[in-house]
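Below are two complexes that have subunit A in common, paired first with subunit B and then with subunit C.
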Partner chain A sequence: MNTPAAGTPLIEVSGLKKYFPVKRGVLARHVADVKAVDGVSFVIQPQETLSLVGESGCGKTTCGRTLLRLLEPTAGSVRYSPEKGPALDLFSLPRAEMRRVRRDLQIIFQDPYSSLNPRMTVGNIVGEALLVHKICTKHDVADTVADLLVRVGLHADSRNRFPHEFSGGQRQRVGIARALALGPRLVVCDEAVSALDVSIQAQVLNLLKDLQEEFKLGYLFIAHDLSVVRYLSDRIAVMYLGRIVEIGTTAEIFENPQHPYTQALLSAVPHADPGAKSCRVPLSGDVPSPMNPPAGCHFAPRCPVSEARCTQSYPEHRSASETHRVACHLFD
Partner chain B sequence: MLNYIIRRLLWMIPTLFGITLLVFVSIRLAPGDPATVMMGVGSGGEMSEGSDFASRIAAFKRENGLDRNVFVQYLGFIGPFNIKPDGHELFGGSGKDPWSGLLALDLGTELQRSNVPILEELGRRLKVTLLLSFISILITYALSIPLGIFSATRQGTVLDGAVTVVLFLLFSIPTFWAGLMLILAFGQSGLGWLPVLGLESKDAANLSGLEALWDRGLHLIMPVMVYTYGSFAYLSRQMRVGMMDVIRQDYIRTARAKGLSERVVIFKHALRNSLIPVVTLFASVLPILIGGSVVVEYVFDIPGMGRYAYEGLVQRDYNIIMATTTFSAFATLIGILLSDITYALVDPRISYE
Partner chain C sequence: MSAEKERDGEVLLEIKGLRTHFRGDEGIARAVDGVSYSVRAGETLGIVGESGCGKSVSALSIMGLVPQPPGFNAGGEILYRGEDLLQVSENRLRELRGNEISMIFQEPMTALNPVFTVGNQIGETVSLHQGLNREQAREHAVVMLDKVGIPAPEKRVDEYPHQLSGGMRQRVMIAMAMACKPGLLIADEPTTALDVTIQAQVLDLIRSLQESEGMSVLLITHDLAVIAENAHHVAVMYAGKVVEYADVMQLYRAPRHPYTIGLFRSLPDLAPRDQPLATIEGIVPSAFHFPGGCRFRTRCSLAQERCSAEEPLLEPVSSDGGHTVACHFIDETDSLRA
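Up next, the complex of A and B:
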């Protein structure tokens, strides 16, 4: 694991919001918003892995996609510091400019089955962006693609085959090769290993780790599997209903979780030792609708230790240490 | 692939037998027969007295082999033996003209005009229908693919809504009504801009090349419009749905993440995939292409395949009915085969090895 270097962050997300309008009726009146991401801020240092964890529907994936502008943001800003030149505000870049910056900011999708165009060969899928961004000429693109495929553990001949001829794990490697082709500096791994079975997961995780060192990548690793996250992350951000409730280094989150939600999440991780005494923090009820989140702390209705003030105002982030912040009224 | 095609072609033989046998028997079970239609029975009975009439009907039936057992007649239709009085000796004929039927590539003559061989007439009619339907299919595809993309990429906007309403209107208008309205509007009784009947003017033979082409073009405008609007409405909706399905896919998001321009994303990644259902629809259009439209050809008095089938039915001309149905059954089977083959050609995930 790399220690995050102090200095200019690779990417700085502040106040990111993504609302999906809900429309009803014949005239499609705008009746409400689904607040999928509601004011999220974090930074990622070069070569650092920040994990975003949380339950299904908490806005992790939307957050990753919005920060790459694959979804148009509702509010907030993302500052990206390229290797050379001044920092860029991604959300105010013109479209053409944004396409150029995409070289540096790549994404690996969750579903290796649907994220590859079924009618293109693997060679074209990986090589297309190389040609578009004029990194390769038509002559040397085949060699570059072959190198990339070998690097992610596929046969160089794979480039003439179609995605459906590969297994899930192999396809995810194609997805990784595709993301790496442009020499990115940040890769958003959107549940990149969730669709794979456990033995393949381990292979792909190790591959991601090796590649991080080799290509000096920063990762935003979106996942719900805490053991995977612990293995890979430098820092972890816990999301609940569109907001970050706790963020800290991997050690801080796992050894010293402060937010009741983080504590509940961690207590739900099964132990390898069946004899170990489990002390699960049970959570009752479901995640409330992000269309109509509860007043005050969003977690209060399910929180085992909530108090009166929890339902009145949303808690601000408080610092537990220099790197550890938590949004809970009970933390002092 | 070749093996697959040969296997499928062989399978078509029993299917075709089944279809033709069914049609052959059922038209003979239907009320009315060519002899009585021809002699005008039921239209007032002016000839219905005396044995003269009965004997003429019997003679007509004998001449055309219609007095034989229905399955013997079917054998005669399939061939290659001619079962008529001057046919093969095996069926009690004189042996003058032993071979006929489907296997001898001889579909006989029309029953009313016994000097008109059906195969030749079929060829003449097919040329007319193909001209009409090819132009119409071309226009349909040329308009509906861009329109489908247009509305799919503007899903949920006012423009998309307007296009949807217009297309549903078009789709719901019956062709015979549209045809008559066009005639009323642009024909002699209305603005008088366009000729109404047939494919060429009466004096077309005297026109020079360019004038004849112009004349033909004018005659085609209204039939082609009526022929096209329904399938245009249908196909654009198909295209829109196909495109919307594809745009939602993860690999489109992948394409955007690569930093491709919107034009490349839509026209290279999305269009190719959404064309699959539309291209294969083309194959299923083949029977319609060849079969023509009864309504359009009737309304505009165009001597094509559709009208030929209709005339055959009205005259109870078994030979015409059998010829047109066999032909369109064959076209349908070929169309289905072509559509399966195009699937394999356009989608690498499908293979028939």
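Up next, the complex of A and C:
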């Protein structure tokens, strides 16, 4: 697979923050913030798959949505390099221009049941964006939609049917066809295969890989299933309470994890092999609230190797290799 | 199944030819259609299969929790310590439920009552079955919370479900289920809604409680890895039937049914990244329209005429008879594993 080359990155995220205000009382006083994403930086190269992994509430989904400006960011910047022309700062683009850029940036959602409008035919769901962006006219949209449906493995005549007539895996294919319709360059896959059974999941994963090759897509793949992530990703970023604690190539993360959280997370994954010796790093307790993250390193209260300094300051990112960065005081 | 001969534990639960069907708009859905398996004392039987294969419905049938109508029993026996649960009175069933046989569910938030404290809910079971008074029940609840590893149980006992995290709620569910020291714990996707680190904690808890209390566990999940680490025996279900049954080692080392082999091959765990994943073509047939003969034949690469004409039965494939497979072409399935 392609390792991050020194080209122009497709997308460059720096210091991204998204806080959700918490309001209390009749006056709706702003009492606190849920720091869902708290200073996240990474780049994605063209045709690369970067995965964001972490447990529920770590901010991975919010990160994906804020990056696409589906949620307004609190701070930070996202620079996108279109095929032609200079790089654009997505967060300062005027609405009309942002709308044009949206053709290049698409998303596939987790739940194939709630992400498709039940009152629209599949043809309208997939074709809507083509009409909105004036890529097709009413006359030729049907043919384009038929081609897209065939490309994702559905029958061309599915376009006259409604979402409820399809199985979960087929619906997810509709969601993929919709994301592909505008010829995107970056697709955020937000838990795109999590709701599917394994045999169907394998079909959809193969499809995502084929499409990446064919349409030269970059993926931001958000998932909690580490075996899926390992199969699909070029690089992986591990998030904990709104921050990236470790980022590296798939091999670096899986074979040489440096952050205690990454090690614990990987060791907790069960293996489909009854003979495998499990050597779990036991993690006690739950993820703390992102409203009130612990002082210092957020992972310190659950960390099996934490020291005094861990509760005093948040560790800086240190480099383990050119592509591998870790935020841990104990790493050197 | 003849596997029970090889282990010493007595058979605690035996299901024979169970059929649980549902009436629906399109006719009759044969969700569970002739399923047999048994659970020995102290063992964990894993039931694995994809959505709609009937694994949960078979568990609900044991508990008598299938909504009727639309569900109804269309045959079979569920023998718990020799007593047929399909024949006993509702009163007797109520005595057994929560006491002898208890169940934990996938979604701990919806399975707990939001308007009662967790202590109340755990205590309810014991006061009902063991006649403890309020104070004793509360004390017992504290003991149970402590046993499932909830910190500060004296404080937590008076909290409501919404005050707890997902992992804690699942622990409360387990505490409730374990409160009367059941002989059989049915765990239906107990960790599917939980994160991996919490999943590991909860599964470790179930395993250690099983060892200390000597109960049997019926573990229902779609996750082959969870089964691998927790079950002693495994039944693989497809379209309302058990298609393969074996010792966990046997099954993972040498699966024989084309469906089981397909499931393992579609796991991304060990697949090389530069090759496409093996897939099982097509989708699971609807329970209203299962194909005749072998139900897997519409997705099976080995299917021949015989498969549509004649339904394969579970037949032993190992010398000790502990590994059974329902396929007409067992000898050819090795070619699929390549």
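Observations
To be clear about the criterion, the second predicted complex is superposed on the first by the 327 of 332 C-alpha atoms of A that agree within 3 Å, B and C clash if a C-alpha of one lies under 4 Å from a C-alpha of the other, contacts with A are read in each partner's own complex, and residues count from 1 in each chain.
We adopt the following convention: a residue touches a chain if its C-beta (ideal position, glycine included) is under 8 Å from a C-beta of that chain, and two chains touch if they have at least 3 such contacts.
What you see is a predicted model, and the numbers here were worked out from it, not measured in a lab.
In this superposed model built on subunit A, subunit B and subunit C occupy separate space and fit side by side. Contact with subunit B, but none with subunit C, is seen for A:103 once the two complexes are overlaid on the shared chain. When the two complexes are superposed, the chain touching more residues of subunit A, out of subunit B and subunit C, is C. When the two structures are aligned on the shared chain, A:286 is found in touch with subunit C, with no touch to subunit B. Once the two complexes are overlaid on the shared chain, A:209 sits against subunit C while remaining clear of subunit B. When the two complexes are overlaid on their common chain A, residue A:70 makes contact with subunit B while staying clear of subunit C.
Closest CA pair between subunit B and subunit C after superposition: 10 Å apart. The residues of subunit B lying in touch with subunit A in their complex are 156, 249-251, 253-262, 264, 269, 272-273, 346-349.
Interface of subunit C with subunit A (complex): residues 50-51, 165-168, 195-201, 203-204, 222-226, 228-229, 248-249, 252, 262-264, 266-271, 273-274, 276-280, 283-284. Those residues of subunit A whose C-beta lies close enough to touch subunit B in the complex are 28, 65, 68, 70, 95-96, 98-103, 106-107, 109, 111, 114-120, 128-129, 132-133, 162, 164, 175, 178, 182.
On the subunit A side of its complex with subunit C, the touching residues are 1, 55-56, 167-170, 197-203, 205-206, 209-210, 224, 226-228, 230-232, 250, 264-265, 268-276, 278, 280, 282-284, 286-287.
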